């Protein structure tokens, strides 16, 4: 009975993925008259290469540390080491990923592909925040609309609205909401704080952009997961609630001891799905920030697409996909392990 | 004080009236057994008392309070469900201890109580299992355990022993009885087992189609069933019913006759019985003896040896069927003709409306 | 043991509604914004976005954008295409995936767990990252049409349907749900003489209303919002779905009012479908009493 | 009649369709060999559609192509040189002719241009000189003007660059600033490296200036919303706007006679604006290049150029055609754009690598605007471009 | 021919061995009842026969075929589940007719059979209901109906009557018995009800902890239980057990003595019984009579009036407890001293290994 589905999956999911997997070891281009060549792991080396460089501050002739205008020690320019410096071939082409001070010296962690690294960390951050918050909120909503109340269907529909509406409208709307000058959010915050609030350019500020995206993403997709929770809620036998009622359970206890354990399978599903979707974050970025400002909203899939399509570098995009796949696979294995049935 | 008082209680599902104007007083500490045919509304009544079904009409009091609108958890009742309703994800231990955990019983007390209950229910070796790994009877015991550890004011049992074997059932019956004495709690108990009903109950309530037929002590019901329904329902095998008509009606005795029995004289208080009345004569199978020549004579159609007694089914000359419970070592073969007499002091007479007479 | 007075009850109910409404307000505004904006001319629409006016049908209100949208693009055709593709895919995938999930949940066969894990692993692969290889795959598939046997599926309905008939998410959804169903039902059916397929179709499907509804709505959304794939595989307008059609409105000067009108129009089928399933969902629960 | 398929990027634009269909009908009835069949695509999805079709080997006979992208497609083997008669392109604006490797691959019926939108009244009020083609604003002058306008407090920003638009706009609109500073996206002598062009001194100078626009709050940043881009200048929130001629008519209608279209400032190496817009070419896989070329040759008649210009407001590719239009005829409201195009227009790097160069340029500009270190950002872009060029064998033509 | 033959059948869950080397021959058309304490493996054995549980070891034949690997559907069995397992989405009518529908029985035949079954099971008025709208007993009847309409070669019943009231249960028992005669099908029946077991079975199989204790006809088990377990399990109330030791062992008689009874002489075949052996003497409650002076004397601790008989629990002088089933009109009060004698022909003797002797 699984055969038709399996065949389709193999043909249209596994097959293309294996192709992509193969591409990641070549220099395959989207458009090119040149033949494709096998390049081994170089795509991955390019993505994952990191190095560490520690620099001492510049000293004047007297051996005093030279201070810059702000009174901070000044260091030699990194680009002198990473660009065309025959003494440091291992750093060639690398850029600063992040840095920290160790005493007077400053340690630079360099990456061959800082954009990828940022995409990686942003994606992880996004997942870590979105997965629990979104599944939790979705469950809350599902519980709210699982009550027996007149007209509850209206609310079921309303809570689902953001999912139904095209991401284009949603992104557009939220760009207006997040507008740095007179966006609705700033206006609202100003109103709530009686004007003490300094407007923030939510999407234009590298510190807030990712969180702005996170907020909107949760808002947008929470109804989707609410529906899944809801179908899980329906499978819990009513008599269990009756038994708990009689045993004196409060609503919270009923949730804790009857509902929640009864949702185990659903919870696994939701967690897996949310994690997958969070890792696949793309549309919002594409519509709202294009990865900016300063790469603060780059994500893996967005980068995979940018490279594969816009830069016509299918091999590079595929390599990112492969890394993403391995990453998510290992996380989901861990997740499965943690949520396994304990017997 | 946790007596119960049901007045005019009604329940309808859609148009189906399942409980019809039930009036019932249950004293504090009483052991009341509900019996009645399958589907007569026993579980429904229990669930209404527990607060799991809305009450369509009438009034339900527990103690002094009207509880029609009170949440189940505030009614102070424990219940054993007919379908067990065990929490599938908890072990037996946790299932049993759940109520205690909810009311914040300290861990050691809880543990003691759970183990006590497990011992009583002979399921100490099952404490670590999940319900899915239990047999039907084992599940039922867990459900009982869950109720008894909580020691509420009112216990509701819905056929709690139906899946247990005879020996265990007897043990459990004893345990419940003991529990009742120890706790002095009010217990309401639904069962199909006559022995259970007879031995446990202070008071049996016979229900039929949502209507209370008779309320009384076990022997009262056995010896003086108020109507044909109760007469037929209480006692196993069923009371034999014979159509008769009244020939003479004296002050203390009447003569009756019927195609099956010819003419007979019975000592009974005969007020209101009128000559020519159609009546029903009831004789319990155990009140028959095999005699060389008696009022009932028939061909044996079925012999069931139960060991301590033998059930003999007869077909009388007029085609009526009759069952007699005879000695364990009675030997008679199918097809043989047997003659029976019965204990004249223990007959039951019902008028044409089915009500007991005399 | 406090008796709950009816007024108390009523207060509780009102509070519940209040909460529901407040939360509802947070979720409803994109729709309001969309519909309201679709009634405004571009200039006003954009000017209003900075204030609460964005959600109020005030100013110069008309249906002009709708007329203009119909003039600009064959809206009916796009909606038809989308509904056709989505409809067939939803039905097909519910069937295929639930059947596969049934096997995973109830049948014993070799390597079941491993295959299931692999399928779930494919959930991980974002479509965007395999679109190009996928294009290569569909381009090398045979098809039989009026011109006899040809290669490549581009410019067709099937190229938008077949690759999405089976998907890991739907299978997974069904598997997780089926695992919660009582095993005895299946056993009873098998003893009654049902073949596996009959167990599936006569026993499992009828009591799985909620998950079918859920899977249907999720699949519907995914399919209806397809953009990248149809863009790549439908060169001819005849086969284009709504989301590709949306691009007709983004020219050098974006016609925002028309965009909103168009989006309002194409959102209608989704909403209708959702509402329809809501009903089916409720009905199925009420009638099976699987709840206990 | 043999069918020739034609792909066009204008789906959803009724006016364009009407004109194009007119041309096709004229062509089809003008001869009996060929029958052109139109398939329209929405612009935003057009390039992806063509690439996908190419991957699938499914290209039409005639495609239209955005000017700067053409070398990429030609190099990739999607396109073949046109077979136009001698002199057919005489008098065409250079931006309308798509040349790669000394071959003409495509030709446009129009060109586009950019101008500094301003209000005469505002300039006069703040005592600002109105620049001319001969005497554009200099860098210092331009800077002063921006500061002055900003300081006046009358505007949210002195200048709107259109940072909201994340597409080809950046290289098209801002590349010319870089060129005027003396830098470029790639070294045009070899087209094999961006080193020195995109991260040389001139480029660094440009970068510093570019960043200062944002640090001094003279222009809105990358998070500008679309609404402000479309209405900000008209509503008076912005004093100046750097915008394309396709916005000209709309803005004129709103602002009226007060509106001025000013030439680009000169940052040292002469004032520059971008050139080249959509053009027609013949796909490499076409079985009938002669027919396809015949159609293109037919379509570039002045009357069609004029018709397009009147329809969509773009600059007709020849002076003769311009004379026939409403807006670009001498004395027409947009005539100035024709002049700008002639005088200042410069092609974006004519190389297959342009696609990536444009992307990296855009990213560098965004990052700098958002505060990235100028040298680092330009180095990064340079490295990425060089890596891309290397990956593609210097974009050497395949043989 | 659908006899069954189980050889060496084994079943383990993880490490728990639930069925241990069961050997059993069931003839075609036989009515076999499985009894045993809760959790002893009855349901499991039934499910193995049905094909719902994998067989861990051994061989199962139905007819002549080894069916260890055969699909349930191809085994020609029908089963009534302990938990009913009704299809929640189908009406009673459809539930009952499901099997017929699957084997493509024509609609009119199907309809007739369903209505017949409904009539037998007294549930004609329920045909349009869904399971959720039924009481426990009603559900059980539907489950039975579902099995009987299909008329398979082998019926498996898992406590099919446990939720029914006595009267209905008796009716159903009769129906099943009739069905058995009419169809001549093999029936395997699990029950906790002694009466059911005794009346229905051709052969009773007593299981304990997964091991077959005895196989035999009902009266065989009642009269000659093979070991202490069977003796204690069959018969209600339970057989009384008294520890004794052998004083003299003749050829046809032995003398025994014990603290509870003093010294007694019993006529029994005494081969292998050795002087001084510790033995257990079993006496059924129904084999006691109240006498002025008898071997057993004790204080009454509990009196249960069941109507037709009275159960009296005694405490003997040495502290041992004893139950006697006396006449229905026995009157004795708690605390009274009662003296009992017993039927010397019906005693049971077990050696120290628990095996029957004599």
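Some points to look at:
By letter and in written order, the chains are A, B, C, D and E; residue numbering begins at 1 in each of them.
One rule holds in what follows: a contact is a pair of C-beta atoms (placed from the backbone, for glycine too) under 8 Å apart; a residue touches a chain by one contact, two chains touch by 3 or more.
This one's a predicted model, so the numbers in the text were calculated from it and none came from an experiment.
Graph distance from subunit A to subunit E, where chains that touch are one step apart, equals 2. The leading chain pair by number of C-beta pairs in contact is A-C.
At the centre of the protein atoms shown, by the Cα-centroid criterion, sits C.
Work out the mean CA point of subunit B and of subunit C, and you get 56 Å between them.
Centres computed as Cα averages put subunit A at a distance of 23 Å from subunit C. In terms of their C-alpha centroids, the spacing between subunit A and subunit D amounts to 35 Å. Centroids built from CA atoms put subunit D at 39 Å from subunit C. Across the assembly, subunit C contributes 49-50, 132, 136, 246, 290 as residues in contact with two or more other chains.
In subunit A, the residues that touch at least two other chains are 30, 176, 179, 237, 239-240, 262, 309.
Under the contact definition stated at the top, the residues of subunit D that touch 2 or more other chains are 48, 55, 225-227.
Taken in their complex, subunit C has these residues touching subunit E: 182, 184-185, 187-195, 198, 202-203, 206-207, 287-290.
In the complex of the two chains, the subunit C residues touching subunit D come out as 42-43, 46-47, 49-50, 71-73, 132, 135-136, 139, 152, 154-155, 228, 231-233, 235-237, 244-254, 256. Contact residues on subunit E toward subunit C in their complex (touch as defined above): 47, 50-52, 71-73, 77-79, 81, 83-90, 98-99, 102-103, 130-133, 146, 150. Those residues of subunit A lying in contact with subunit D across their complex are 27, 29-34, 78-79, 83, 93, 95-96, 114, 172, 175-176, 178-181, 201-206, 290, 292-295, 306, 309-313. Remark: subunit E residues 13, 35-39, 42-44, 82-83, 133-138, 140-141, 158-159, 162-170, 192-195, 198-199, 218-219, 222-223, 232-238, 284-286, 304-309, 311, 325, 328 touch subunit B in the complex.
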